[in-house]
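My structure is below; once you've seen it, I'll send some questions.
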Amino acid sequence: MSDSNREAVLGSLRRALGRDAPVDEDTAAKLRARMTGHARNIVPARTALDDAGLVELFETMAQKVHATVAHVASMDDVPGAVGEYLRGENLPSEIVMAPDATLDAAPWSDNSLLEIRRGAPVESDQVSVTSAPAAVAETGTLAMYSGPDHPATLNFIPETHVVVLPAGRVVKSYEDVWDSIRAQASDPESGRGGQLPRTVNFVTGPSRSGDIEQTLLLGAHGPRRLHIVIVDGE
Amino acid sequence: MSGSTTRNFKSNAARELANDTLRAALTKSKGHFTEGRSTAAENLPEFEALRDQSRDIKNHTIEHLDFYLEAYEEKVRESGGHVHWARTAEDARQIVLEICRSVDAKAVNKGKSMISEECEINEMLEANGIRAVETDLGEYIIQLRGEKPSHIIAPAVHLTKGQVEESFRANHTHLDPDRVLEEPPTLLDEARTILRKKYFEAEVGMTGANLLIAETGSSVIVTNEGNGDLSQLIPKVHIVLASVEKIVPTLEDAATILRVLARSATGQEFSSYTTLSTGPKREGDTDGPEQYHVILLDNGRTDMIGTEFQEMLRCIRCGACMNHCPVYQSVGGHAYGWVYPGPMGSVLSPGLLGVDEAGHLPNASTFCGRCEEVCPVRIPLPKMMRNWREQEFEKHLSPGAARAGLGLWAFMAKRPKLYQLATGVQMRLLARLGRAQGRVSSLPLARGWTKYRELPAPEGRTFQSRWKSGERPL
Amino acid sequence: MSEAPRVALFVTCLVDLFRPSVGFAAVKLMQDAGCTVEVPEAQTCCGQPAYNSGDRKDTIAIAKQVIAAFEGYDHVVAPSGSCAGMIMKHYPELLADDPDWASRATDLAGRTHELVSFLTDVLKVENVAAAFEGTVTYHDSCSGLRELGIHGQPRQLLDGVEGLHLRELEDANVCCGFGGTFCVKYPDISNRMVSNKTEQIVATGAETLLAGDMGCLMNMAGKLQREGANVRVRHVAEVLAGMTDTPAIGEPSDGSASS
């Protein structure tokens, strides 16, 4: 059924566009070139900052959307900072954590109060910890890619999501993220096999809804709390 | 289409105008959206230029839509996904049912999707013994109430918190009836707890798509709650239901449109969750769907191409037009009688349902132009509403009396001497009628006016006759 | 040009039929600013009612009539944003495919102006020599605002009127609900819109409401009067021309306030 539908839809479309057939080869070549060239359109000037400026912008924008932000000097300080945050918010110390190399580098065993499980979350998990491969300063947005080392449900199921962000990963704009995922896809070392991640999540603050009388409420379905630990040295 | 009451727009509107709860709800929401948008626009110097670029991207894509659809399809397949084509809503329903049956689905978790409303997917699922679970908070609330969405972004904008409370109490009967449930945070918590369970119970998750990206074969959803993500990551099957004009060529094009989308819709710079999905889970992934199906829907869109309504296909479903429309803000979304309300609905619905069915909608506008002013992709909405009126005029669809009246006016207007003679007499009569009070309170031929307003009396002789007889300003 | 600009007044049907004093005020303003003003006889309507009802054929016939009647003048001025907008923005599109009329339509469009913006933007009038004691509020008619960008100009001239105090209207840029045939085709919705408007007008505490379009003014005046509000309604040209001795819109000729 779908094949005849396909012909019907494309046929109707082509007739409407004044053609009986697909675009000619010249046009097709131009359109393919436009796609593979993927030129950038306007990128807002607010991102024309140096590295320190970008981190500052990222932090300001993230806080505007009710994410909380903390800074640590190095990966060594990360477990302590996470533990402190959870205690401060009166949250459980059982964590489900992404099995990624960035987090591997932190001395989690130093902090024996944290009970850590690596992998995908289950319904009862309250706190997740992940890293982020990139963060977009333009709007205070984290970019996270699904993979064996980062189950995407870590970003959504637990009520509290803590993200460890090496400062050097703050980029200007979404366009920089596109460049990075394309590079990853074509890098044979990345394990991506030439493909995009299944899921690319841009996360800007915690989950929210305005569906009840436009009252801004956090934690509609995704996390109620988004805490970002920026690692300044990295 | 069985679900449409667009023919009854006038009586729908009268009913909605009398609804004081609706009025209260709309008054509360209006400023939020309009101020949000204007603040967001002010805070981005490039906003106007981005609108222009977004318009151009959409125009370019539509002009080569077949090419981009085929390119997109190829990429989806490369990533391990399936593409299905649906010419009509019925085709879409059949495809959805087939997919659900193939995994013996008992429930489908739904992210918010106006296309699924257009295709009446929920009704079809329920009729086939499959539970359709709306997970978006607003959609969940109206599903409990047996209502349709009244806005394409904020489906429950017509409700007060009291009405939400009432629905929760009536439906969540397993909970303590004495519980405190008045304020939005407690309402949200209750919905969250109930829906949390349901996320893990469905075999199929269905979302719409704000954008489809040809370069990568990706679908994009733009949400704030996270329900669309939970709906697609946990179940075994992810179905994306999207109309053909959602395609954009590249990731960069998507970023441009995303910059104007949230700002125009809610005043946010970016939504809480903007997600790209490309195919099923990859080898080694420990979560994600095993199957990824995209259903590409036509349902009248290709017929709009090559006509004066082609530009409507640029619409990115932000809702800014209805947020700024004084008619929508007076009658609310339900008055429009079908899936798409407000100015965009007034142009799109006649295109999809036919102007015989939906003809009222493009007529119920003063052409104030606020919609076009705020449309992120610069769709000339009033012009297209006028184009629909032209079609109705050609088909003699307008009511006889109105047509006759306007015909008479046009007849006179084309004949200046006759016009001046006839109107001179009329105006003097009307002036005499209204002399004592300066206005007329009731005039049989002008009942539509005098029902609600006084009609100011003419000064007497017309300007032209006074000027001709030599009167000049002092 | 060193000669006085030769202006043709496009009266507009509502001014012609209901409130000629606006026409005389417009003439006075332009004469005071150094123009000679004529009123071509063969004018009736700009064609909007037909146009917005989908009757393109009659609209085109009327447009041709207007184009022919107004040929040869330096400027064509209308005391109405919607009528001026019709000529300036829509006539060229209506006649784009007619080889005999396309350039004539564009030519007319290029010479046509709404009254207040003509004074400020073309004649470079900075102040009018008028006085008007009292508080006023101003409604921005949709066509003038969105088609022609008229916003600052009436405020600029009102600012120079001696004794006049302007209070900004909340939602001044929101439609009053007139919309030509809309107000009689969808009276219930129009009523809601104009009721919102009158509530906001009364809330300003202003004694007088001004705007640049008779359709809007009659709509708002009619509603204010039905509600028994104590607000007088005039066309902005009347105040700018210092011609406010006439009864306000919908007021009886003995000048007594509405009751």
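Chains here go by letter, A, B and C, matching the order in which they are written, and residues are numbered from 1 within each.
Everything below uses one rule, namely that contacts are C-beta pairs under 8 Å (C-beta built on N, C-alpha and C of every residue); 3 or more make two chains touch, one makes a residue touch a chain.
Computed from a predicted structure; not experimentally measured.
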Chain ID, smallest distance between chain and overall C-alpha centroids: B
Most distant chain from chain B by Cα centroid: C
Chains most often in contact, by C-beta pairs: A-B
Euclidean distance of C-alpha centroids - chain A vs chain C, Å: 54
Distance between the centres, which are taken as Cα means, of chain B and chain A, whole angstrom: 29
For chain B paired with chain C, centre-to-centre distance based on mean C-alpha positions, whole Å: 33
Residues of chain A touching at least two other chains: none
Chain C-touching residues of chain B, taken from the complex the two chains share: 10, 13-14, 17, 326-327, 330-331, 363-370, 372-373, 386, 388-394, 398, 402-403, 406-407, 409-410, 412-416, 419-420, 423, 426-427, 435-439, 441, 446, 448-449, 451-459, 461-464, 466-468, 471-474
Chain C residues within the chain B interface of the complex: 11, 13, 15-21, 23-25, 27-28, 31, 39, 41-45, 47, 49-56, 58, 61-62, 65, 142-143, 146-147, 173-175, 177-194, 196, 218-219, 221-223, 225-226, 241, 243, 246-247, 249-253, 258
Partner chain A, residues of chain B touching it in the complex: 25, 28-29, 32, 44-46, 49-50, 53, 57, 63-71, 78-79, 84-87, 91, 94-95, 135-138, 141, 154-157, 159-161, 164, 184-185, 187-188, 192, 195-197, 199-200, 214-216, 218, 224-227, 229-230, 233-234, 244, 249-253, 255-256, 258-259, 266, 268-288, 296, 298, 302-307
Residues of chain A that touch chain B when the two form their complex: 1-3, 5-6, 8-10, 12-18, 22-23, 27-28, 31-32, 34-36, 38-42, 44-46, 61, 65, 119-120, 123, 138-139, 141, 146-148, 151-153, 155-157, 173-175, 178, 191, 193, 195-215, 217, 219-223
